[in-house]
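Let me begin by handing over the structure; questions about it come next.
All chains are identified by letter, namely A, B, C and D, in their written order; residue positions are counted from 1 within each chain.
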Amino acid sequence: MPTLSLMPPEFSVVRDDNKCIKCLACVRQCGFDAQQYDAEDDRLYAIDANCVNCQRCVSICPAGALTIYKNPPPMRPNAHWTEGHLRNIVKQAETGGVLLTGMGNDQPFPPYFDRLLLNASQVTNPSIDPLREPMELRTYLGSRAEPVSREESKDKTRTPLVPIETPIMFSAMSYGSISHEAFESLARAAKAFGTLFNTGEGGLPEDLYEYADHAVVQVASGRFGVHAGYLNAGRVIEIKIGQGAKPGIGGHLPGEKITAPVAETRMIPEGTDALSPAPHHDIYSIEDLKQLIFTLKEATRYQKPVSVKISAVHNVAAIASGIARAGADIIAIDGFRGGTGAAPTMIRDHVGIPIELAIAAVDQRLREEGIRNRVSLVAAGGFRSSADVVKAIALGADAVYIATATLIALGCHLCQKCYTGKCSWGIATQDPYRSRRLNPEIGAERLYNLLRGWSHEIKEMLGGMGINSIESLRGNRLHLRGVGLNEVELKLLGVKHAGEAM
Amino acid sequence: MNYVLIGNSVASVNAVAGIREYDREGSITIVSAENYYAYGRPLISYWLEKRVQDQDMPYRPQEFYEKNCVRVILGRRAVKLDPEARQVHLDNGEKLPFDRLLLATGGRPFVPPIAGLTAANYFTFINYDDVRRLEAFAIPGREAVILGAGPTGLKAMESLVQRGVKVTLVELADRIWAPALDPEAGALVAGFLQDNGVNLYLNDTLTSIRQEDDGRLLIELKSGRELKADILVIAIGVRPNVELLTGLPGVTINRGVVVGPDLSTGLPGVYAAGDVVDGNPPLLPHAAIQGKIAGRNMAGAGEIYQPLPPYNALGFLGLHIISMGNSAATGEEYELLTEVDPAALVYRKLVLKDNRLSGALLINKIDRAGIYRQLLEEGIEVTSFKDELLRPDFGLLSLPETIWQQQLAV
Amino acid sequence: MKKVYARPAYCMNCHLCEVNCIVAHSRSRDLFRAYKRENLRGTARVIVEERLPLSVAVQCRHCDDPRCVAGCISGAMVKDSETGIVYCQEDKCVGCWTCVAGCPYGAIRPGEKNGRPVPLKCDLCREAGEPACVAGCPNRALVFEERRAGA
Amino acid sequence: MLREGEYRIPSGCAISGFINKDGRRVDGSAIIQSIALMQERSNGLGGGFAAYGIYPEYQDYYALHLLFEDKLSRNQVEELIKDNFYIEAEDRIPTRHVRSIGKAPLLWRYFVTPRLSKIEESQETEADFMTRLVMRINDSVNGAYVVSSGKNMGAFKGVGYPEDIGEFFRLDEYEAYSWIAHGRFPTNTPGWWGGAHPFTLLDWSVVHNGEISSYGANRRFLEMYGYKMTLQTDTEVVAYAIDLLVRRHKLPLELAARVLAAPFWQEIDRLPAAERDLYTRLRVVYGSLLMNGPFSIIAGFSGGIMALNDRIKLRPLVAGSKGATLYVASEEAAIREICPDVERVWYPQGGEPVIGRLEEESQCRLSA
């Protein structure tokens, strides 16, 4: 029985009839049935309540006739009871369910990246022009055996190091949560650029094994798609413990997204929900993790470095130290801005810590323990620009994972409705009508361009700092200065305040 | 190599193109009995309506002949073919030697014996000259009787109506264009014509004609009805112009010239194409295709002509009809799929036999008609998509994927 | 010859090829004028067929032996011997639609422009270089390329 | 790769050094003359020298050169020294009055040998023990600073033009088989006696021209190995990095140089497989020790010197040789000044180390 909706629509779809040519592209492209056409009256109209502001119609409209407006808050201004809270309460009053959302934390927590500034050379040392001089971004991931001697190491339990040509990798997004087209775009771009993509927890589709050499193959608590061939095909194996968007929470891919090819890849029946438990049920302690790390290494004859991915949580430094000592070659830390295909809103918005602080703490801790060289540190969670990347590396990361940025490059407008499977942009959907909107050829090009642009910017920033190799930036916090940060924050980040000398 | 093409219509012109695909050197001569460069004969009704002007009549521009080095002899009739000497004799005594010869002489109107019929009191509707002569007579307010409600008669009707002439159609069969239209479609079209002020007498024909004192014609029909008219057009079919080959050794002539699969006649080096060919529907696409293939074969290609079922597009007074194959079929052995909307004058009928398309008739909704033609010509089994055939969005995607994939890859 | 090829796997059914085609074949070459003043809606020379999720833009294949050219009573429809493009000299067309009956792809639709008949068929934007449908396809579902040597 | 040879900047530092590979010991007047020629590269805020082979009579003892801001710090340090070492000899470092030199700190030297019991207690090697102690003095005793701590060598440095510093320390009275010198144009540290070059650790001494942009990365890496960067300058990281690589990680000096000024990946990728593997491992493991940014350095060590440029040669460095003597300096003129008939002069490529070592025979002779 339809009940009275207590909330007006969040968005208004406004069509300029002077411009509209009634080509109906908007109607055909709207993933959420907000755009409608009445053939009898030859009339286009919108169901505002359905609109999620994904901007697909706006982008596709050849006449530029569409604008989507955010409606004014449906209430008196109230700093405490914000519109978001009101909408959530009403939704829950109607459904009695847990609030679900997609993508990353969108709340106004302090963005530390925006409180950090970079250095540049003036007079006393020359800045370096990346267009004239070699500028090196190649980064090796894995455990570094020291000391180096002329002779090659005889240690057969050492996993090889993995080079990436830019310190940027594509973070885990599983096939199933994203479309084959999106997945393939990532794989192709990673291969073309010489970096790695991450399969996420849904396995690697058979037809994409040609990209496996550029894949971080994930092993998560659901063990979807994990088999010996998969582990041995990938370049790096990653044990996923946690995810920045939902620390402490498992995954749930609804049955509608488990189409036949997804089911085959995940090795589960078609149409069944894919549930990832919150913990790995074979890892209840750090020594269990060690066992899994070495199980995977044994299974791959020590040919694959093993990464362990955790959410950035309060005790992240100590946890990371334990992971390093448990034999991981790479530690990936996912900050609280990290994205997701589906997470409970309360978890997404209220659990975890910023990646900037986490990476600083972990890097410092590992150095204090003298084991920083044992692992590579990969930072993830909300990297928006090459400057964010540079700052993370200066704080101590070896490389970063980006995912939300890649989706935006592919068309995502952060409508946060990934969990519905209706993505108008063909990304977070398994509906072939929608997913075919993302031509992997174009997707791969766009991702390649993004990497190219960011990499070039990183080179320019490095050159400005007077260095020509990314390793000279790693942990080089002297090139960072804080602005408007308090003493505790400065201390945790290990940076001086802007205005302080070297 | 000497190529001589007798007849100057689409078959000859396409033969020129066909020859030149293989032979850029040989000399080509076209002999035309008419005084015009080739034109599409169906254009004459448009000319009469003044929808086409003189300068738009030629089928190909002058450059076509220049570019292809074609000598065109206009206004001359080939009167004799000497297979021994390999020469064609023209009516002016000129003798053209040939190595390859194409007979593309088309047909001439069939005029039945009718009492009182003289060369002066009737018109045919085949040639440019026919309509040039008719033009002076076809003035508003006059009345015309057209014998034959086939494509030619209907186009003559249209052009005369457009010129303000009141038209009466007399048709021996029980409906308009009986080979193409089934009774239901015939009735639909008949109604349409009557709504447009055209008189129609079916199951009837002319028995006599007489010029009255006022110069008008008094036409007597078999039914006893008498009609007065200013113009009489006879449009009941054509007869192939086979005279040039008649009696020559090796040549078989039935209704038209019998040709082999490569369009050669029994005479070495002599080919035929178009309406003159026996068994060929007197339709323009067929003539053009045959002309092209005959030309190629004259130049040595060795291509086979697969006889094509008839297909035709006919429009008059804003009504458009496309027919193909067995479009009028009604019998038990056929499965008929139809869509009828009399108010919109829409009629669509597909004739299936053994789950293959055998004919199609489309009136006023003719989009994608060529796909049906292709299905029909190729004899493609339609069982798996039969229910798609008349859907409004019928198209390539209605066909099995292997077919449309292949089609799109062309 | 270079032709437009559809890649159905990437066709997302936006029909923008039709829009771009219409604009490219309008007098004004302007979207708004084409639709609002010239009233060209529905006159695209490319047809997006839909069997969702599948859709595909169908257009003239510029056949080697084009039926539309063979059947043209006025000589308006021609195949350019240099470029291979099959196109209609529109001022010669009388609207008999034999071409419609001839095209095996159903890629010619009867149309009208300024009271004159116009067969709506792709001419590969022969005056513009790259076909507008290809240039404007947001998902590269249409490509303009040579696939067959010598054709 | 840039091979312009010099980065043209009106400021900068001057470095110079030479080694007599045959072990012949010469007094300090030549090195003073050489460094003095490049006075315009200094600004009077720092000069210094290191000399090897100067204390043959104490060659088995660590020669601790110390500076103290005050008596208190000296007392504290002496307590520390006495706790941990036997002191064979000690004295005030001899100086002479030079007008241009301002107020000097207290300058002392001690010839010491560690107490065995203390080393055992710490479960360290003798060298590590020494290193830690030096770090501890520098780090925790306010006003005290270890200028040098190697055997049979010493560093002499202070605020002033280098030729004045040389005069002040009476270097004409020392004889060494190798000398390195520095004239300073401070950029990012205050003019402080301890801040002048060379920087030393054990036998290592480094003079440096440039600004190491990777300082933060280098420093934090070295800190992991117990080095304490107390001097607020880049140059000490070079000394410590060499110490880590050569003494503790046992890398040949040539390879250590390839860490400090690593080849580009594109060069490494072109190497034969075995070399490629080695250089890849070097860069991957010691990437944080890549000295990035402009520099030319001369490192002195027991039995040799090494000169090295940054890998794209953003600072000047010239080498010359005559007979058994190898010269390196910021400018060719500084070599010709003391060796007019130099036989060979060359400009080392960026990242290509120039190493001069005592010939084996003289090595034996000197240590005998």
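Heads up, the rule we're going with is that a residue touches a chain if its C-beta (ideal position, glycine included) is under 8 Å from a C-beta of that chain, and two chains touch if they have at least 3 such contacts.
Please read these numbers as outputs of a predicted model, since none were measured by experiment.
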Fill in the blank from the handout: The chains touching both subunit A and subunit B are C
Handout entry: Pair joined by the larger number of C-beta contacts - A-C, A-D
Key = A-D
Exercise for the section: Please report how many Å separate the Cα centroid of subunit A from that of subunit C, as a whole number. Expected result: 43
Problem - Separation of subunit B from subunit D, taking each centre as the mean of its C-alpha atoms, in whole Å - result: 105
Problem - Computed distance of Cα centres, subunit D from subunit A, in Å - result: 47
Problem - CA centroid of subunit C to CA centroid of subunit D, Å - result: 79
Problem - Two or more partner chains touched - positions in subunit B - result: none
Exercise for the section: Mind listing each pair of touching chains for me? Expected result: A-C, A-D, B-C
Handout entry: Complex interface listing, subunit A residues touching subunit C
Key = 19, 21-25, 28-29, 60, 62-63, 426, 431-433, 436-439, 441-442
Completion exercise
The answer for subunit A against subunit D in the complex is residues 121, 123-126, 128, 132-134, 136, 138, 140, 144-150, 152, 161, 367-368, 370, 372-373, 394, 465-469, 471-479, 501-502
Handout entry: In the complex with subunit A, residue positions of subunit C that touch it
Key = 9-16, 18-20, 31-32, 35-36, 41, 52-53, 136, 138-141
Handout entry: Residues of subunit B that touch subunit C when the two form their complex
Key = 14, 39-43, 46, 51-52, 56, 58-60, 284-285, 288-289, 292, 311-315, 320, 322, 324, 366-371, 373-374, 393, 395-398, 404, 407-410
Exercise for the section: In the complex, go through subunit D and note every residue touching subunit A. Expected result: 1-2, 7, 9, 11, 187-188, 210-211, 213-221, 223-225, 248-251, 255, 262, 264-266, 277-278, 280-288, 290, 292-294, 311-312, 314
